[in-house]
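In the two assemblies presented below, subunit A is common to both, partnered first by subunit B and then by subunit C.
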Partner chain A sequence: MADVAISPPAVHRPVTTEPRAARIVLIAVAVLFLAFFLLLPLVVVFVEALGAGIGTYWKALVDKDALAAIRLTLLVAAIAVPANLVFGVAASWLIAKFEFRGKSVLTTLIDLPFSVSPVTSGLIYVLVFGAQGLLGPWLAAHGVKIIFAVPGIVLATIFVTFPFVARELIPIMQDQGTEDEEAAASLGAHGLTTFFRVTLPNIKWALLYGVLLCNARAMGEFGAVSVVSGKIRGQTNTMPLQVEILYNEYSYVAAFAVASLLALLALVTLAVKSFLEWRYAGELAAQRRH
Partner chain B sequence: MAGAPSLALRKPSVIPGFGLTLGFVLTYLGLVVLIPLAALVLKTAGLGWSGFLAIASDERTIAALWLSFSLSLVAAAINAVFGLVIAWVLVRYRFPGRRILDAMVDLPFALPTAVAGIALTALYAPNGWVGQYLEPLGIKVAYTPLGILVALVFIGIPFVVRTVQPVIEDLDSEVQEAAATLGATRLDTLARIVLPTLIPALLTGFALALARAVGEYGSVIFIAGNIPYVSEIAPLLIVVKLTEYNYAGATAIATLMLLISFALLLAINLLQAWSRRGFDRG
Partner chain C sequence: MDALLDYDVNYFRRQETRVDETALSGSSGASLWGKPVDVRVDRVVREFGATPALRGVSIDIAAGELVALLGPSGSGKTTLLRILAGLDAPNAGRVTFAGEDALRLSVQQRHIGFVFQSYALFRSMKVFDNIAFGLTVRPLWRRPRKSEIRRRVMELLDLVQLSGLENRYPSQLSGGQRQRVALARALAIEPRMLLLDEPFGALDAKVRRELRRWLREIHDRTGHTTVFVTHDQEEAIELADRIAVLNNGQIEQVGTPAEIYDKPATPFVASFIGETSALPVGVRSGKLVLDGTPLDISVGGATGGTHNLVFRPHDVTLRPANGGGTVTGRVMSERRHGGSRRLDLEVGPARHRVEIDVPPETENAHRGDFVSFLPSRWWLFEA
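Let's look at the complex of A and B:
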């Protein structure tokens, strides 16, 4: 007995973990890596933005072009996110509740925009709607402007955020099976009633999660939007494009001020996301397993 | 259940909405994704073989593609190593600040790429917080290919961590205990029992990080310096061609990028299938 008492505790570590020294080294590597690559860039945004004082910071934000960029970003997200929300719900209902031919092809096609470079995502709309594009001459004849105008920005944003909501919902709806909906339908419930009363309560947190990620990307998209926007000040500049223009004009403080708003959006997104994962872990678990 | 494998489009179901959702999903998918992508294929086909090859064999195109794909491979490899360590530490160890660290991993998903781009440039510029210490050592990061690598590592890290994490959570401790009982050292157990289980997920994470890095634009162009033949990535070359109204050039490079990406992802898929089979046999 006495022997056990004097032996150092380290000897009794479980066989399924590493020695203390190795653990400390690994934790240090992880912390340093994340601090250097993730934390530092975030901190520098706020330091550069506020470095010239709060007055300068505020002036950069209430600048006419900056406000126009903020308005346009909000407008684009307000169209793109609901559009992809409706699509995501319809697609996940279709894929999770029915068995049909070509389902796996359809699932792959929905994920397709994730494997296309943002620049290419913009390019394809230029090829369809641009002045030299497939529909270009027809659009010009009818006085419709899509490329270098707001509709093009909205379309490109919808494309790059296309899979977000569907991707969160499909696995969780598949996990929940079809029995509840079948029961509701057998009892005579209308399709929409079934969705709102039976399905939605089970998927609401996953839905919110998908919308959150979709919104963050929609407001922050740069590559695709920069190709189709034409970057007309006060008209077709979204916030990320405004950041680029200010930065290239060496207006660093102003660039970082607008960037700090986007960084703030990222922080809020992460906070809500972490909260949802922590609070509703079970209801989001389906997506973790896939 | 029974019955011949029918030619019917779908299995019968009492749940309503099949026709409606199928119609809507196909229409929306077609209009937003498929038709525009078809325009890319159409435009490429319109160039003809000789036209396509002329652009593809252009020295500047080759230099940009080589830079994009080689740096993306290196960045994905760095992410695979550090992503594995981070995922392991987050799942297996308990230490103060772990939750915040875990939440922070997703930052590159949430932070707009242009913001990441100017922030990294501010850090690694010769007078920046990090750059000023590297400058005397003769290491230049911003405005060189090394800067591109930094941006690509930043953008890819969550892909590896988030794919490996759930697999580490599901690791079976009994097998590890058995190995230890039979006299294996911890290092042996990690290398011969744990690592092979993680390889398929690690490859998936590597592939996702690679795919993202190849197409990445916003976070790279600020820090890259964008010198043709030296630090000009393929997506930037597409933009350059577009600003010159050279739609044929832009289209051909975009198609080339897609083709190489798909070939790489296919290779990784095969490698993954092979590593899984090897593991099952062992």
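Let's look at the complex of A and C:
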């Protein structure tokens, strides 16, 4: 048999890769974009806030009205996030695991807060609960104050942040189907046991992301809250509203100080998420592959 | 009460457990736990909207029997299995376990081990917790102690030959291993019956054959009434005591693998179990007639009209070409088929296509040759 020389293959590039130059350009564009639009503003916030020294910064934060704003923001988040956690899990459970008439309507409704401008949503609450609104006279007669008060802010925040948890959960729950629940039932587990032992663990990561996003938005919401809040200093100002007021009064350092707290919150959220991902990387990977 | 709930260490190993089990019965409601039951399915109908999935299915399954529900996809076999498990409910009909109305019982109360086609292992739990699940969700007063649960899980792991893998997550196991975890999890609750939906569907051929033999061993050891769904006739024949062949929402035939294979009740069963060739024939004065020519096959009871002569490709005898009274066809193609050569014949002016198997060394039976034969074993069905 003739000796057939096996020639080395021509340089083969994996089909999904681009030429070196293209890769460099694309990466550079992405990095520059990120630096300019995301990193730079973040840096500016902290530079401005700390520009007049740490003492001024601290004084701006412990200001009576600033503290009230921080308290209110935390309070609103502490109500809105758990509420949406429960609503979101319930709604996605319903949509993903059951068949019923009007399911698509419910799915669309859940998305509504995303598609409606936050200012409009705030306005809706004013029109329903406000003094001249639908329920206004009745509420006034019973001494219930919703608009220009904390309940209105909480309602508006819940509305705006409603989709975050559900949106995160519905695809993953639909993807997982109902076989795990059926298996649990055949092994003798009843509804609640199945939910807490099987359904919930299956969605815990998506749920965590949903809650983190929901929390970030609840603390940062401006549009809807600014309509219903009335911006009463020390009473109905949340942190974003406080920032705006201070900025409009040319108190730049104070405005950036409060803003830096909000930015810090965002960074902490990201850090927590990254930490959890790192800590449970094995488990997470194991579940994804399944 | 304790004796009833106590998990017998050697439950799976001892043949004489049957005697012990009768001693365990006699308590209300829970009397049959762990003891194999007989099942009666009586005229069960299930419709999904306007489409009937089961059109009046009846079958009796003896305690400890291993039964295969065999049929093509859409035949209703999985629906029947889910109705037995309580995961689905019939529109009409009755299902009884040991004489007790099963339809009144919820999934949880039925106490059935169900192995899903996709295994449905709990992905967030390790193998150990998966198997222990059925025990840990019991109400406190019926829940075994932690050490006891551990002992049982380890024993089951040993039974399914997965010792040492208890700390893995399901995703870290191979398909065959997942399948065995699913089985161990189902066995952990000491079920009255074991139901398996396409148990080997997602596995490759070699693993499938191994697990098949292994499942048969487990069944013989544990003695559970077992029903499994499959579309693979070979699997059903090799594994089951009896096979129920389903087609289009109805049971076409129930019988032992030999009965089903040798005496198919309908053309569907004949063609679904093993390979078949068929020829349209008539009957004239006690003989079969193919395209006007009488064949050398006598039939007793059959009357006139058209029939289908059905036979297995390997159940044929070659005849001399000039003998007459035979089926003669031209070889259109040939190929190796196991130990023999398979010929694709075109028979008569109507060009009926049939397949027959001949010994590989057969002469004058190549492409273009004319070959004469008669089926040595055949069935006649009304056309």
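In the analysis below, the second predicted complex is superposed on the first by the 252 of 290 C-alpha atoms of A that agree within 3 Å, B and C clash if a C-alpha of one lies under 4 Å from a C-alpha of the other, contacts with A are read in each partner's own complex, and residues count from 1 in each chain.
By definition in this document, a residue touches a chain if its C-beta (ideal position, glycine included) is under 8 Å from a C-beta of that chain, and two chains touch if they have at least 3 such contacts.
Computed from a predicted model, the values in this text were never measured in an experiment.
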Looking at A:31 after the superposition, I want to know if it touches subunit B, subunit C, both of them or none. Which is it: first, second, both, neither? first
So, does A:182 touch the first partner subunit B, the second partner subunit C, both, or neither? both
Between subunit B and subunit C, whom does A:142 touch in the aligned arrangement: first, second, both, or neither? neither
Quick one: is A:204 in contact with subunit B, with subunit C, with both, or with neither? Answer first, second, both or neither. second
Subunit B versus subunit C, judged by how many residues of subunit A each one touches: B
Look at A:193 in the shared chain and tell me whether it touches subunit B only, subunit C only, both, or neither; answer first, second, both or neither. second
Residues of subunit A at both interfaces, subunit B in one complex, subunit C in the other: 182, 185-186, 190, 288-289
Considering the complex alone, what residue numbers of subunit C touch subunit A? 85-87, 106-108, 110-114, 116, 118, 120-125, 133-134, 137-138, 169-172, 185-186, 188-189
Residues of subunit B defined as touching subunit A within the complex: 9-11, 13-18, 20-22, 24-25, 28-29, 32-37, 39-40, 42-43, 82, 85-86, 88-90, 92-93, 95, 97, 99, 101-116, 118-120, 122-123, 128-130, 150, 153-154, 157, 166, 173, 176-177, 180-181, 186, 190, 211, 214-218, 222, 234-236, 238-239, 242, 245, 247, 250-251, 254, 257-258, 261-262, 265
Can you list the residues on subunit A that touch subunit B in the complex? 15-19, 23, 26-27, 29-31, 33-34, 36-42, 44-45, 48, 87, 90-91, 93-94, 97-101, 106, 109-110, 112-120, 123-128, 130, 132-134, 155, 158-159, 162, 178, 181-182, 185-186, 190-191, 194-195, 213, 216, 219-223, 226-227, 239-241, 243-244, 247, 252, 255-256, 259, 262-263, 265-267, 269-271, 273-274, 288-289
Touching residues on subunit A, where the partner in the complex is subunit C: 179-180, 182-190, 193, 197-198, 201-202, 204, 283, 286-290
